[in-house]
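Next come two complexes, and both contain chain A; in the first it sits with chain B, in the second with chain C.
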Partner chain A sequence: MASWGEASQSRLIGKRIARLSGKEKVTGKAKYTFDINRPGMLYGRILRSEVAHANVTDLDLTRAEELPGVKAIIPLIEVGRKIRYQGQEIAAVAAETDDIAKDALRLIYVELEELPFVVTEADAMAEGAPQIRDDWKANQSNPGKNEDGDVEAGFAEAAVTVEATYHTPVQTHVCLETHGNVVEWTDEQNLTVWASTQAVFGVRNDLARNLQLPANQVRVITEHMGGGFGSKFSAGTEGLAAARLSRMAGRPVKLMLTRKAEHLVAGNRPSMTQHVKAGATRDGRLIAYDMRGYGTGGTGGGAGFTGPYVYHVPNRRTERFNVAVNAGSQRAMRAPGHPQGAFAMDSLIDELAEKLGMNPLEFRRINDSSEVRQAQYTLGAQEIGWHRRNSVPGSGTGVKKRGMGVGSGQWGGGGGRGTQARITINPDGTVEAVTGTQDIGTGIRTAIAIIVAEELGLSPTDISVKIGDSGPGLPSGGSGGSQTTASVAPVIKTAAAAAKQKLFEHVAPLLQAPVDDLRVGAGTIYVASDRTKTVTWRQATGLLGVESISEGGNWNPELRQGGVAGTQFAEVEVDTQTGHVEVLKIVAVQDCGLAINRLTTESQINGGVIMGLGQTLLEERIMDPQTGRMLNANLEDYKVPGTFEIPEIKSIVFDTHRKVTGVGEPPCIPTLGAIANAVYNAIGVRIRELPITPDKVLTALAEKKA
Partner chain B sequence: MSDKEKEKKQGTNISRRSFLKGVGTGTVAATVAPAILVGDSETAEAQTDGAASTAKIQLNINEKLYEIEVEARTTLLTVLRDGIDTGGNSVDLTGAKLICDRGECGGCTVLADGKAVYACMMLAMDAQSKQITTVEGIANGDDLHPVQEAFIQHDAMMCGFCTPGFIVSSVALLNENQKPTIAEIKDSLSGNTCRCGTYPFIFDAVETASEKM
Partner chain C sequence: MDKFSYVNASSLKQVTSLLSDSGWGEVMMIAGGTDLLSELKEYIETPKTLINLKTLPGMDSISANASGLKIGALATVADIAKHRTIQQHYTVLAQAAASVATPQIRNVGTLGGNLCQRPRCWYYRDETVNCLKKGGDICYAVDGLSKYHAILGGDPVYIVHPSDIAPALIALNASLKIAGPEGEKTLKVEEFFTLPAANPFRENVLQPNEIVVEVQVPQPKPNTKSFYLKAREKGAPDFALASVAGVFEMMGKTCQTANVVLGGVAPAPWRSAEAETTLTGKMINESVSLKAGAEAVKDAQPLNDNAYKVTLTQNLISRTAMMAVS
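The block that comes next holds the complex of A and B.
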């Protein structure tokens, strides 16, 4: 049976190892798509609609085309078609400089016949609202319904019930490197694209299909990329536009979205509103759950969310639907559907526990079937000092009140087939690891080096890892769903093992030992039964003559596992005069399976917590019902966490087994409930609508007093 | 159809209440009235005509002199990233990033006479008399600056897109205050934004660097 071996035998796996791209990143030498400058390269820009809903009645590109320095211009919408949201593409231009491209956009003539629009869920569902989809009634999709057990009987058995409405607004991804590409036709049939993507092969296939090119004539390169969070899986309208402009001009084109467009059209996490009623028995068992909820993913669907979540409820009924509004479409965003569902469930659990007069942690223990999380509850409670929490919420004295809360989460992350890799050992001792995955900042490049180095007895820096390029023709899947490590690591491990085996076959005659008696040490190969017999790595590879060893691997499912559990505890301090919530500490206990690199795993947990914190306290896409526009499509008014918001974070890499799994997404899930419950514990008033901004805190406190 | 005809069409046949006329996105005005006059082609033309005049300037970047032709509106960041000197050589200092494009995120932070500034908010012409240091000029050849070493050691980066800005801001901080408290670190780096959430390890890295300096 394939295995990663005992922890005590690991030289590298599970240790804290600096990422391989570190030096490039701290010296500014790491080249992102945005940094690629090609000889003769033009700068592309896109003209976008400022109105949310309109018919395009005229479009004239002539004057822009005539501007000196403009080399190509194309329409991206036809006259007679509809604009359905602010930011929708109208035309694209490529020019000698970015400033000329900007100027050219101003010279494009567009006539738009304005149509009535809706940009908020409430407006979309209101009586007599403009209908923005022909196929939906009242701007709502057909609800998806589910029922298990006997809900009415469950409520009859309940000793306490809670009825509440929870809401989370639309959150945008805010990738710091905006979506975009640098496109270069090497000839009429061959395209090279530097793409800011989390799926080099996905973008390759996407471009090939749309440009009607054979897939092997499109090469996509993503050496480094500046954040995706689920929004960067395809070439997008901007990628295709860049390819067309480049073909027209006969020169390379760089086309990156503006910060504003990034907010408007590059995806978002859908909103959630859920009306839920739930009941529990006197002894603390969840017994009934009835939920009706909706969200908006823009003009389309995709606004799903979890519920009930984590905790088992035997009798449950759910109904979910999408609401269409004239706004940019949702895309997958870090654990799609989970953080918002977790916020509602964790809040609900707390409310039920209080009605029962039970410690919310005890209530969770009764209803949580995960042994992993049960252990995490104990560890996390110890670490935060759960006994210090207010037994009576809001009972603290003084202007600044402290409180504690807990939240839970779960995720898959077990990986899948579809990765091809090659490990090559060259006669000069160098080692190459090649596969078509990409490093979106999570550290897979370093993880690959660690696995190969462990297998071959080398150092991670000895391994030349070549990823983020479809050129070598070794596909791998997109980096999404926390699947990368669990998909890639088993293939790398088995490929490295196969390459090692081949090298042993060359070494065995020299050491006069059978192949299965050979082992790797640090830079050596030795005979297990007689450790005096040894050769250095260089001596061993020297035996290869002119022939490198090059081996592939396979995705052995025994080496990975899905289904991770997580728990977080928060301590907050709420200023009852200003309404400001300061998170003092988060304890994040995250099931990580076998962490290949403990250091980068901790980074991922920190990052998840911070993104969850942003969603809880700061982030919201604000749409103006009067103009149909997003009011905060920048980084000043759309708040993401900055240095002042960062609490002490205790990231606990909770190793439950020696199988790899993914942790990119799960740590952002429990944070919302933990903070929201801590705010309640501090001030004794529950805020059921995110983000928990000072105005909401002050309003809630005022209502409590009244 | 000529623009005149278009103006005519807009003026006569089409009610301003039912139509929007759009020329570009640059000068859109928000209004509660259903008709929105979007931009003005004459103004746009005037802007582009004005943009054509250029001046030759000299910039001192990472202790190297560049002679470069810029427009009045050209920012220092544009020169660093996209500039081509009068000899036809690309400046190609792409460490500083354009992220927010309006002085909100610190991704383009560089040193001007040792002080941290946003290169997106400084016109190239205003940088003429200053010593500019970009992230590429922080290390001493192959010898990394203690801040850079500490960032690697603590994994104070994930995607790394914001990292150059944080490196430069951290260096600027430690140049002025060699033993900053955690509150001072947070305060000094509050002009920089990271979306991956690397802040805790950045704070650790700055503390480690301050111990080594």
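The block that comes next holds the complex of A and C.
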């Protein structure tokens, strides 16, 4: 049976190893798509609708086309079609400079017949609201319904019930590097694309299909990328537009989205509003759950969220539907559906526990069947000092009040088939690891080097890792669903093992030992039964003559496992005069399986916590019902956490087994409930609507006082 | 942004003569550019000519003596924040400057630019929204989304003045020197700013052919305590939800004079005579300070989303006053 071996036998796996590309990144040497410049390159820009809903009645590109320096221009919408949200694409232009491209956009004549719009869920559902989809009634999709057990009987058995409405707003991905591509036709039939993507092969296939090219004539390169979080799987309208502009002009084109467009059209996490009633028995068992909820994913659907979450409720009924609004569409965003669902469930659990007069952690223990999380509760409570929390919420004295809360989450992350890789050992001793995955930021490049180096007795820096390029024709899947490591690692491991085996076959005659008696040491190969028999790595590879070893691997499911549990504890301080919430500390206990690289695993947990904190305290897409516009499509009023917001984060890599699991997404889930519950514990007033900003805190405190 | 010509200024005389050729917006001045550049990029302003003030000699100096401070309009916000004498004797000013934006912006943003910066209102900053401030018919904040808007002095334009430095200067009784084609004049910083009822399009009395040259601050008496408190959603960079510049002459726990100027709550820095009167001549304690806060906001007229600012402002005033006795 394939295995990663015992922890005590690992030289590298599970240790803290610095990111291979770290130095390039912090010194600015790493080239992102934004940094790619090609000889003769043009700059692309997209004209977008500034109105939320309209018929396009005329479009004339002539004046823009005639502007000196404009080399190509294409319409992206036909006259007679509908604009359905602010930011929708109208036309694209490529010009000698970015400034000319911008000027050209302003010379495009577009005539719109404006239509009534709805940009908030409340407006969309109001009686007499403009209907923005022909196939839905009242701007609502048919609800998905689910029922298990006997809900009425459950409530009859309940000693306490809580009824509440929880809301999370639409939040955008805010990738540091906006979406975009640099495209270059090497000839009429061959396209090279530098893409800011989390799916190199996905973009390749997407472009090939849309441009009617054979897939092997499109090469996509993503050496480094500045964040995707689920929003960068396809070439997008901007990628296709860039390819068409480039073909038309016969020159390379760079087309990156503006920050404003990034907020408007490059995806978002849908909102959630859920009305929920839940009951528990006197001895603290969740017994009944009845939830009706909705969210908006823009003009389409996709606004799913979890509930009930993590905790088992035997009698439950749920009804969920989508609400359509005239706004940019949702895309997958780090643990789609989970953070918002977790916020509601974690708050609800807290409210029920209080009604029962029970410590919320005890209440969780009773209703949690996960042994992993049970252990995490103990560890996390110790780390945060749970005994210090207010036993009576809001009972702290003084202007600044402290409180503690807990939240939970779960995720899959077990990986899947679809990765091809080759490990090549060259006669000069160099080693190459090639596969078509991409580093979305989690450190897969370093993880690959660690695995190969461990297998071959080398250092990670000895391994030349070539990823983020479809050119070599070794496909791998998109980096989504926390699947990358668990998809790639087993293939790399088996490929490296196969290459090692081949090398052993060359070494065995020299050492006069059977192949299965050979082992790798640090830069050596030796005979296990007689350790005096040894060759250096260079001597061994020298035996290869002119022929490199190059081996593929297979996705051995025994090397990975899905299903992780996570728990986080938060301590906050709320300034009751200003309404400001400061998070003092987060303890994040994250079930990780086998952490290939403990350092980058901790980084992933830190990043998840920071993103969760932003969703809890700051982030919100603000849509204006008067103008139909997003009022904060920038980084001034769309606020993301900065240095001052980031607390002490104790990221605990909670190893539960020796199989690889992805954890890119799960650490952002429990943060919301942990912080929200801590705010309640601090001030004794519950805020059921995110983000928890000073206006909400002050309003809630005033209502409590009154 | 649209094309413009760029002139390096060599003298104030040259600047004012270039300015006097046109009305608002044709010829504009740029120093740090931290505000103007974003206005140009968003097509909020489309000048034909930009005058670069950074080439004016000697206008970035800060000098202090026993009678007071003189700060050139080209002194950077960072220069003010880190100036030892300002930190010691004009604390409210140093604190206000230090609260501005980010180190990068403070390093290039200037005093003159900070005082003359335009509002952050999300309707005003949106090119496609023709609001009252830009010559349209309505202030969209009245029926729209108004979380960051004015609770005092708004009618008919509910922007808030974004400057942190201005409230501090007013609380310190500072004056400001303006150069124009006719020469120089000096007026109180307090008189520099105007409310939309007087002029909905501008935030101050500066004429299109005038330039702010210098700020003069009288040295506070030795028994003065001063503070700048700024409430914001995010540590940095963020503009004030509400801020208080408080300058108090204290005799023990008794407040002899109080200057209380608010930021982030009105279209101009807002001197609260009510808070000042409440505190003056009183022993400062919790009930007096709370009363000062309450008096300051008793005429507040919040919009749909900013009633919280009433409580916030009251609390901040109270906190500032209490700092004078702690």
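In this section, the second predicted complex is superposed on the first by the 706 of 706 C-alpha atoms of A that agree within 3 Å, B and C clash if a C-alpha of one lies under 4 Å from a C-alpha of the other, contacts with A are read in each partner's own complex, and residues count from 1 in each chain.
Operating definition for what follows: a contact is a pair of C-beta atoms (placed from the backbone, for glycine too) under 8 Å apart; a residue touches a chain by one contact, two chains touch by 3 or more.
Every value quoted in this text rests on a predicted model; they were computed, and no experiment measured them.
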Return first, second, both or neither, reflecting whether A:D58 touches chain B, chain C, both chains, or no partner chain. first
With the two structures laid over each other on chain A, which partner does A:E636 touch: chain B (first), chain C (second), both, or neither? both
Let me test your reading of the model: by the given contact rule, A:D695 touches which partner, first (chain B), second (chain C), both or neither? second
Per the contact definition in the header, classify A:F644: touching chain B only (first), chain C only (second), both, or neither. both
If you tally the residues of chain A touched by each partner, is the higher count for chain B or for chain C? B
Touching A:L618 in the superposition: chain B (first), chain C (second), both, neither? second
Which holds for A:E50: it touches chain B only (first), chain C only (second), both, or neither? both
Just checking: does A:G579 make contact with chain B only, chain C only, both, or neither of them? Give me first, second, both or neither. second
Once the shared chain is lined up, is A:Y32 touching chain B (first), chain C (second), both, or neither of them? first
Dual-contact residues of chain A, meaning touching chain B and chain C, are 50, 103, 624, 626-627, 629, 636, 641-644
Interfacial residue positions of chain C with respect to chain A in the complex: 2, 120, 122-123, 126, 128-129, 140, 143-145, 147-148, 231, 233-238, 241, 305-309, 311-312, 315-316, 318-319
Within their complex, state which residues of chain A touch chain C. 50, 103, 399, 577-580, 618, 622, 624-627, 629, 631-632, 636-637, 639, 641-645, 693-696, 698-699, 702
Quick one: which bits of chain A touch chain B in the complex? Just the residue numbers, please. 18-19, 21-32, 34-35, 37, 43, 47-51, 54, 57-58, 60, 63, 67, 97-100, 102-103, 105-114, 174-177, 224-227, 229, 258-259, 440-443, 599-600, 602-604, 606-611, 624, 626-627, 629, 634-636, 640-644, 646, 648-649
Touching residues (chain side chain B, partner chain A) in the complex: 1, 3, 6, 10, 18-28, 30-32, 34-36, 38-39, 41, 44-45, 47-48, 51, 71, 73-74, 78, 81-82, 90, 92-102, 104-105, 107, 134-136, 138-139, 144, 147-148, 151-153, 155, 157-164, 167, 185-187, 189-190, 192-201, 203
